């Protein structure tokens, strides 16, 4: 056990730290604790820069543009990104979900076509899993694809799709055998979002801003070579995606929580709430929780490095993060007292926390509701009987 | 709406207050915040005194020794008992469960035989419902009774029976038709605990003290006239008992919580913890919760007085009380800091809180687990679908 | 001992329920929230005609001569319907400072004014100011003028008149000014149905309604009435969210069953039910104490506001959770109840601020 | 960056697991808890033979020359097995004050002593005393004597020697005395497997082990080591309760299904799993920081103790709940884990006390 950097980790860290200092967009730090959040152009440019410097896809195989570095470098990378409060790569879905699934299940052609583009940010991806009628019960999906020679023709509707409005590609689950059992008639497609018949409509979230989208598919033709895995065997492929969504992504989310935690400390100082013993106790509680979560991720990572399989503790990350983030953003509002209602320009930090707090309510719904994640831990990690 | 006493409530209150001042056992108040809790002899004597003064069975019909007073008098009674920190009547099971069930379902003979004795404390009752194999799933009970001319012959085992070691009578659920459906072969018996073949063994609880008992029945003969309600129709009768256990008793439990709340305030003053803002916030939170619970009971009571049916809010009482009492007793230990581990003579107040805190863990299990009570509210009050 | 509203009060409740559901269903409230005004001014006339403005105003000033208990019924129902308009600022805040100003009460009862209260300045946010105020009242001829800037004034743009806490020559006092004589700038507020704004006074003419001798007791009355009113509104809003949740989980199916059949879902709905019922009991108790001038009124009102604010927020959060994604969208009404609940929760400080008052009453300071 | 114990440490863990499960199963612990001594003295010799007493003691004093990370493995496993005996008081408390007393370390490594620490007096309970002490150390010939009374001394009756915080002529210091030279009175303690007692010194001969110059830093080291050790024990005890719960709900049936199929039950078990896993991560981090003398050690240890203590208590409470009545009985082992978890939680103040230190590190005082 050693929490210090090994020599090659230390040199990677120092190289990255200098790089970030030199390359962060001008005025980024000053900008960051404001409501100004996500700008696709800035983000694309930054993603490219990160990629060109070799910081994207650290653990991916070299032949697809990665660096084949050990997983611990990814942890160092996230820590330094937090320290610098650097913006994230635009390709959250591509890097965290589509990419790893293509690495696991893709043909050489699919890998060559997509993986490097995902890393560079040239291909932005979105996810087409959920439907209005199938939320937690994903396998009840009804978007259908019918074979027409060397194409599938897709019709249906997907929902809660982040980035779909700027996405080039979509990982899409469709029903290809309506007569098969629920889990056995599903196929996993890679769909060009610029195809005819794809219609993206933004869905505004509670805060009023769009982030999610609905995607409507009307006779969209998808070439047969864009099937990922086998026809009608898409459920297993989707499980790979979800594993990454809840595992690897949970890891990155913990870094975001650390950024938010630091901002709460700053807020408490700025408002004088740091002198309130109730606030102090809650800040300390959050800090302790955050260390617990972070080091739990590291334990799972060590197991992954040593055995090739992540430790079962990894299943905790997304679940605990989401509930912790909800408590933390609410604490931020409480620190503001009666000013908590002031949003936008007149609010503290341009309404940064007002947005974050409302946004956080989605955390326990998206990417597996907390109810479903507890079922999964109960059944798959603890071996308890099924509850459905 | 009027939270003040109506004139007859006010005169009842003042008469009772004077009576309590004159009649409380010597030194009772000084004794009460110590571990010295429950002494059957003192309790019997006190129960008799209360009865003779006309304060037991306030709402029961006059022909059975009651006072036929409005339910609000019962509320005044409980408030004054709290104010005086007076000991409770010994017949908790008889007054709260057996008595009301006999009033609802009993024959005239059963009523005449038992009700006045319950009020006076001459008959102490216990409950024989739970079995080792049937906890929440009460209807799976297996203690059986076989008809033998004008008797039932009972064999089996009951558990978690408070007062059984001093009880004269038991309300007992037995299976009389093993071939009927689960809920349809059960009979409700009134059993003389002094019968041959009844064996009571104390069960020590976490604190080390006995309170519950196991009761073993070996060929116990129960006369046929001791069936309450009809043979094989005991499930419905048992529902009456449980309704009272969770409703009326929950009401009385709130009074106990008020006594405990006052003691926590005293403890905080004695230890200086009253100056700790974290403790102050928690004490205030408890006080607020307690008022919420108390006035919710009063609302249910008003509905009962006006319509003859208690309001649905009554279902909250036992559930919320149990969880609140667990938090309150834990707060008391935290107030003590490192001294929280000192039990008995060397502990603060002779280990009063140490006992109360351990005892409180049973509150969410006995008389319907919190899980079962939430199911009941979900299904019966809110009309949600069954979850079993 | 009687814990029920009278038949007349229950009739008022039905009237109010019809008013909000007929005129202010979820869709209508959503539309209004997106307009610049943020409310439907014609509703004020309708409510005046129903006699609601003068409910607690004595008959000699054109009111109905009832008390806060009647108004309590309205607060709960207007909270249930998320009524957008300055009823809270008028009746729970400003009206409580006007008992010594019969002409103002007459105007209010007749529908001639809509009011709010301005007490917050930069850096000081408590309803009961400890000392000083930078907003100044100066004598000018036979009247007064006000100069200074007030923040976080509820429904500032919907009000015609504003009661202002300011520093006069003799100390703190309360003055009423016309909004049209001041400059009003509305701020972006999370709850678009109850907005906050700034009012800038610059030699604005005003009439004094409370002097240094009774400003503290007046503001204490304002505070406890506001707390009780907000607790009632919170009960209404929390109840509405709870009902949406209970209805949704009965019908939405996943894995072949309505999701209300899963305990992880149904028990959340039960906890909302419990929270709102306890909050209701506290709010009714507080309302009665305020109406009767009971000595426990300040403590009861603080207790009710802290508990009901948090219970309503929790009820909305659970409702959003059991709705899944749809409950998280702007188009679904849930977020509007949530933002109102948060507005209430944050008023004059979140729950721990009111619990600190309760603790002082229980334990000393 | 490596978050795993070494192979050697894992072997030590297996050894410890066998030791506690073979010699100290739940029934045996229950028997011992009811005896007057409260523990099995012969276990000390066995543990000494296994080399556990000298794990972190330098080889020149007869130890193994390892560090706290090896001891950390033992604390977790002894917590899992609820080992009754003065290992915690010896190794986590007293041993940390003896680095300047090589003869004492030699005796300890050879099994010649069992130790505890006495720091609490009536009215003052913090491990780091702010000022003064009524217990006095006086020079007497070529040695010292102690006079005074100490409270809440862990495992006082099982120890042979005690390290005492006392006031000497130069200020606070630490002295070691023989327990047989003092008067020991054991107090009824909720956790019967780790009892607290009073030690009364009346001219008791003693040897000084730390003077005014380094008493504070020594006690800080004692405190952080104790916090880390207790966090590890809490993880062990909480894990044991969690396992009992998980096993029970898989087999206990109600309404025709194992109760673990009901989410109201299974999700409680999941929350225990999560709590214990996070606590474990914190405890390992704290152990490493303490072992390495990392600058974050005091903060990490305080964080781990506050979180793990509460997580273990919660794990036991959920385990009791899902067991139903049987888990609430004295004959079931659960209450013993629960009482140990509460012992840990209350040590040197409940979690909010350690969080206050964390807050000071984060926000200043």
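In order of appearance the chains are A, B, C and D, and numbering begins at 1 in each one.
One rule holds for everything that comes next: contacts are C-beta pairs under 8 Å (C-beta built on N, C-alpha and C of every residue); 3 or more make two chains touch, one makes a residue touch a chain.
Quick caveat: nothing in here was measured; it's all calculated off a predicted structure.
Asker: If I average the CA coordinates per chain, which chain comes out farthest from subunit C?
Answerer: D
Asker: Select, from A-C and A-D, the pair of chains that is joined by more C-beta pairs in contact.
Answerer: If we tally the C-beta pairs in contact for A-C and A-D, the bigger total goes to A-D.
Asker: Just give me the whole-number Å value for how far the CA centre of subunit A lies from that of subunit B.
Answerer: Once rounded, the distance between the two centres reads 52 Å.
Asker: Between subunit B and subunit D, what is the separation of their C-alpha centroids in Å?
Answerer: About 40 Å separates the centre of subunit B from that of subunit D.
Asker: I need the residues of subunit A touching at least two other chains; which ones are they?
Answerer: Only 277-278, 281, 371, 374-375, 387 qualify.
Asker: Would you pick out the residues of subunit C that each touch at least 2 other chains?
Answerer: Those would be 257, 262-264, 267, 352.
Asker: Could you list, by residue number, the parts of subunit D that touch subunit A in their complex?
Answerer: Going through subunit D, the ones touching subunit A are 1-6, 9, 69, 246, 249-250, 257-258, 260-263, 266-267, 269-271, 273-274, 277-282, 284-285, 288-289, 294, 300, 303, 306-307, 352, 355-356, 358-359, 362-364.
Asker: For a test of understanding, state which residues of subunit B touch subunit A in their complex under the given definition.
Answerer: 276-278, 281
Asker: Hey, which residues of subunit B end up touching subunit D in the complex?
Answerer: Residue list for subunit B touching subunit D: 130, 132, 134-137, 140, 159-160, 203-208, 212, 278, 333-334, 336-347, 351, 354, 358, 361-362, 364-366, 369-371, 374-375, 387-388.
Asker: For subunit A, which residues count as touching subunit D in their complex?
Answerer: Residue positions touching the partner: 1-6, 9, 72, 75-76, 265, 268-269, 274, 277, 280-281, 283-285, 287-289, 291-296, 298-299, 301-303, 306, 313, 316, 319-320, 371, 374-375, 377-378, 381-387.
Asker: Can you name the residues of subunit C that touch subunit D in the complex?
Answerer: 262-264, 267
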